[in-house]
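Labels run A, B, C and D following the written order; every chain starts at residue 1.
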Amino acid sequence: MFELQLEPVQEGCDSHTSASGCTIFLGYTSNLISSGVRESIRYLAQHRMVDVIVTTAGGIEEDFIKCLAPTYLGEFSLKGKELRQQGINRIGNLLVPNDNYCKFEDWLMPILDQMVLEQKTEGTHWTPSKMIHRLGKEINNPDSVYYWAYKNDIPVFSPALTDGSLGDMIYFHSYKNPGLVLDIVEDIRRLNSKAVFAETTGMIILGGGLVKHHIANANLMRNGADFAVFVNTGQEFDGSDSGARPDEAISWGKIRMDATPVKVYADASIVFPLLVAETFAHNASRLIKEKKSD
Amino acid sequence: MFELQLEPVQEGCDSHTSASGCTIFLGYTSNLISSGVRESIRYLAQHRMVDVIVTTAGGIEEDFIKCLAPTYLGEFSLKGKELRQQGINRIGNLLVPNDNYCKFEDWLMPILDQMVLEQKTEGTHWTPSKMIHRLGKEINNPDSVYYWAYKNDIPVFSPALTDGSLGDMIYFHSYKNPGLVLDIVEDIRRLNSKAVFAETTGMIILGGGLVKHHIANANLMRNGADFAVFVNTGQEFDGSDSGARPDEAISWGKIRMDATPVKVYADASIVFPLLVAETFAHNASRLIKEKKSD
Amino acid sequence: MFELQLEPVQEGCDSHTSASGCTIFLGYTSNLISSGVRESIRYLAQHRMVDVIVTTAGGIEEDFIKCLAPTYLGEFSLKGKELRQQGINRIGNLLVPNDNYCKFEDWLMPILDQMVLEQKTEGTHWTPSKMIHRLGKEINNPDSVYYWAYKNDIPVFSPALTDGSLGDMIYFHSYKNPGLVLDIVEDIRRLNSKAVFAETTGMIILGGGLVKHHIANANLMRNGADFAVFVNTGQEFDGSDSGARPDEAISWGKIRMDATPVKVYADASIVFPLLVAETFAHNASRLIKEKKSD
Amino acid sequence: MFELQLEPVQEGCDSHTSASGCTIFLGYTSNLISSGVRESIRYLAQHRMVDVIVTTAGGIEEDFIKCLAPTYLGEFSLKGKELRQQGINRIGNLLVPNDNYCKFEDWLMPILDQMVLEQKTEGTHWTPSKMIHRLGKEINNPDSVYYWAYKNDIPVFSPALTDGSLGDMIYFHSYKNPGLVLDIVEDIRRLNSKAVFAETTGMIILGGGLVKHHIANANLMRNGADFAVFVNTGQEFDGSDSGARPDEAISWGKIRMDATPVKVYADASIVFPLLVAETFAHNASRLIKEKKSD
């Protein structure tokens, strides 16, 4: 099914708006960066197999933090109180020591100083996507998803970038060195343009919430994506967008009426590596060659 | 259980940061505004029973749109293609005609013009929460949650305010009258300060995703909320924050170690009206009197 | 919706196969008897508001055990090992001490002796439904669902009656006093006949698994139930009958093609008491009078 | 994880109650036989890699029906009414024509005649497990799970064997040739003995409902299984046994206090073939040799 679904996304397009001719929007929630799915995402960014990324604040910062110190495997059942007393934060069955966030602070604060400086002296108009681009450059580490997004000019959108440790740092920093502005208007223009000017688009969305809605809403601006794959464990009965079937998106014009979208009701950490292996990685030699010959 | 959980949030506090002494953060996803839960939320805002609101873009715009034209009851199984051909958008089992969004555009565009003007002439530094405050004033309709939030000075945060119809309008408007800036840095300062300077805090969070994480993260800034009630249908097994049990938040310091948080595994549209009836509404005469005597 | 759904089940029928003219099949999983939903079910049996009951072994035995000793409210998170060491068994957030099962054994063993005796001396051909009828008579307690089922001649089917504490007791007893036979063939004849000879039928099924399939399969014998209400938290994506939508049952002829079945995606312990209150209890005076005048 | 979990089940045991020394109970719901997981289960039965099987009526009959005519791949969204009009039954996204059940009837009826004859002339005391054993012999087809269970003397328990097409046939047949008795008491003795006399036991349970409870309850008779792997999508919050975590089974003594049971929150049709590949199949040459040398 995925073979059929994804093949056309890769082929039969000759637009100039994306490397492949088909603009692929990839969205994922932060837990997937915390988990081992990060490596599959990094692979896609490294080889320019996706064109636009949307994620949450945690989906950004946890990638950088993993470059600074490791995340550990724990258990879902570990007691919050005992972990708190030991300075360990739990993300599902993963554990991140407080010290990792201290390292992140040490790394980030001088960059924030520099950003404020550039805003004041060069008039830089910062947006979340520009900040992520800069951080991808600064981390300078091939393990990072956003290093490769920087290298390969893949824009990464995260409108609520302050909703996480990055926001904590920005908050603390604003008392020492105030004035930073992060504008979300310029980013919505940039994201929507990616959809509007694409010849064909495909959406691969892991999880729900903001990342699912944001990509689908951008594709509404072009009367719908041509291809769509949703992977999540959400259910429609509570009326949430997270659990909505692709057919709801068709009513909005977020997916084209003649598309054949797919929803995989499964944990992305189980199925996404399998999907990447059987689609992008399986066709890697051809896909990478096509990109190079652009 | 809720009686016990909520009682202390209402009583035994005498801080000056919130009307009641206890700062209650209410979060909810957009589908709850689309559904009839909106009326319960409006009731809480009208009577100043909550102190801070966090929601998504849809949670903002659907409230205003409902003031302009009705939402209809449909079925989850209505075909997306047929709805699209009739210009009807589906939200779970609810239906919103395209025409409602046209009315929203007609209402919003002059306000956006005015906002750009004020930015340019008065130096107004717009943030999502300031924009919502202004829209609540402009709608001037007692059916609206945000009219009451405006009247009662309840700040409403929505950092990804561009993720929805509001973003579409801002995007279109930016070509006709460019320059609007919506800064999320000032809002994170404002939100975190609400938590940091509160004597005690309580979190009531309906649904997952950004609204759940954003309130919990703000409460991390004060080493944890004193009270927490989560209502959602998410599960922890996929490692998402949406489905995480409150005990995960304790490991982070988002809920205090000695708190007794509750997660209700249920559709908020069924249980939230029951919860409000048995807690806030049951104690309404006392709660409202306390607020008035501030 | 339930008002509409259930009204016709109660009215407009004049068959002689059931007290009301409409044969209502009620199914529920054992946890609902362990929980407070038992009282709603007992109410329906007491007032002959349902005509056929299907449940699992636990749905039978926990009703009797509650007549012998109380079930306690605990927590989902209580540690299994510690409970085991204290001789306490957990059912969700409910606790049942081992001693309750000892009392059940003391009550049941003489009845099993008597059943074996009757089989040997009178040629009684025991089936699960006949055994449940006898136990309902023996318990002689108006708190018991099956006491009222016995009093009101409501047959109760549970083909896998050995799958629980009853089975444990039957297993132990078979070494002391062997020979008891429980035949499931006579019961399937009896259950299917209830559907085949009914003028109209309605199915109210709480939860999934055997109870859902068994009632629906019996209604297949009559080319489908006229009315159907499913209440469960199951999802269809894994292909299980538990989570299947009513529309799947229409393909089988388990529900009529022109029926308007309803699936409520919710925890029955929250919604079933509300449903009973708004339908059966709301119309109680009329329903009870109709039954009496039969 | 599964490697670790299952290794000890295969090794380090030297009892004589099972081929391997460790008695492995495998349970699964009927949808898994309808799906392609049947082939993984058949593989385990063929190579005597499991010792006891528990399934529902559908889990029995669909295996035989697949030997008589194919099941087709459809869609979850196919309309029940249209399928009914075409004589096609839907099981999730699978389709089974009515004609398949006619073929099943043609095959089964003479066997039922023979069973009644043997009961009357030879005093055969039929139980569900004995009937399944006979059907496995009669089907005589290496594609069948129960052919291999018959060949390898793996008992298969299904106490509610009348809950499905088998029950329909037995019901129809009982009017033409009455008298068949299927006793569930002898089967509970046989199943419980399998657990009681085993040196060590392991439970592998796919899905919930009867199959999960029945295997766990049998292991209660020996104070708990030594190893347990549950694979299902159920959640604990509604208090059902289907969704209960293994820790609930520890409170009952269904799993040993010192065991390290695992629950995989996933669709068995995705993960079970992967699990079999990495455990049983990976060690196949050694496992098969051990069995042969018994």
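Assume a contact is a pair of C-beta atoms (placed from the backbone, for glycine too) under 8 Å apart; a residue touches a chain by one contact, two chains touch by 3 or more.
All values derive from a computational prediction rather than experimental measurement.
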item	value
Steps needed, at minimum, to go from chain B to chain D via contacts	1
Superposing rotation of chain A relative to chain B, computed on C-alpha atoms, to nearest 5°	180
Over-half contact-pair match to A-D, picked out of the listed pairs B-D, A-B or B-C	B-C
Proportion of interface numbers common to chain B and chain C (over half same, under half different)	same
Chain C-chain D separation of Cα centroids, rounded to whole Å	24
Chain A and chain C, separation of their C-alpha mean positions in angstrom	49
Approximate Å spacing (C-alpha centroids) for the pair chain B, chain C	43
Touching two or more other chains - residue numbers and ranges from chain D	235, 237-238, 265, 267
Touching residues on chain C, where the partner in the complex is chain D	29-31, 34-35, 56, 58, 76, 78-81, 83-85, 88-94, 125, 128, 159-164, 167-168, 170-171, 174, 180-185, 187-189, 192, 207-210, 213-214, 217, 220-221, 233-242, 244, 246-253, 255, 257, 267-269
Parts of chain A lying in touch with chain C, wherever the complex brings them together	235, 237-238, 265
Chain D contact footprint on chain A (complex, rising order)	265-267, 270-271
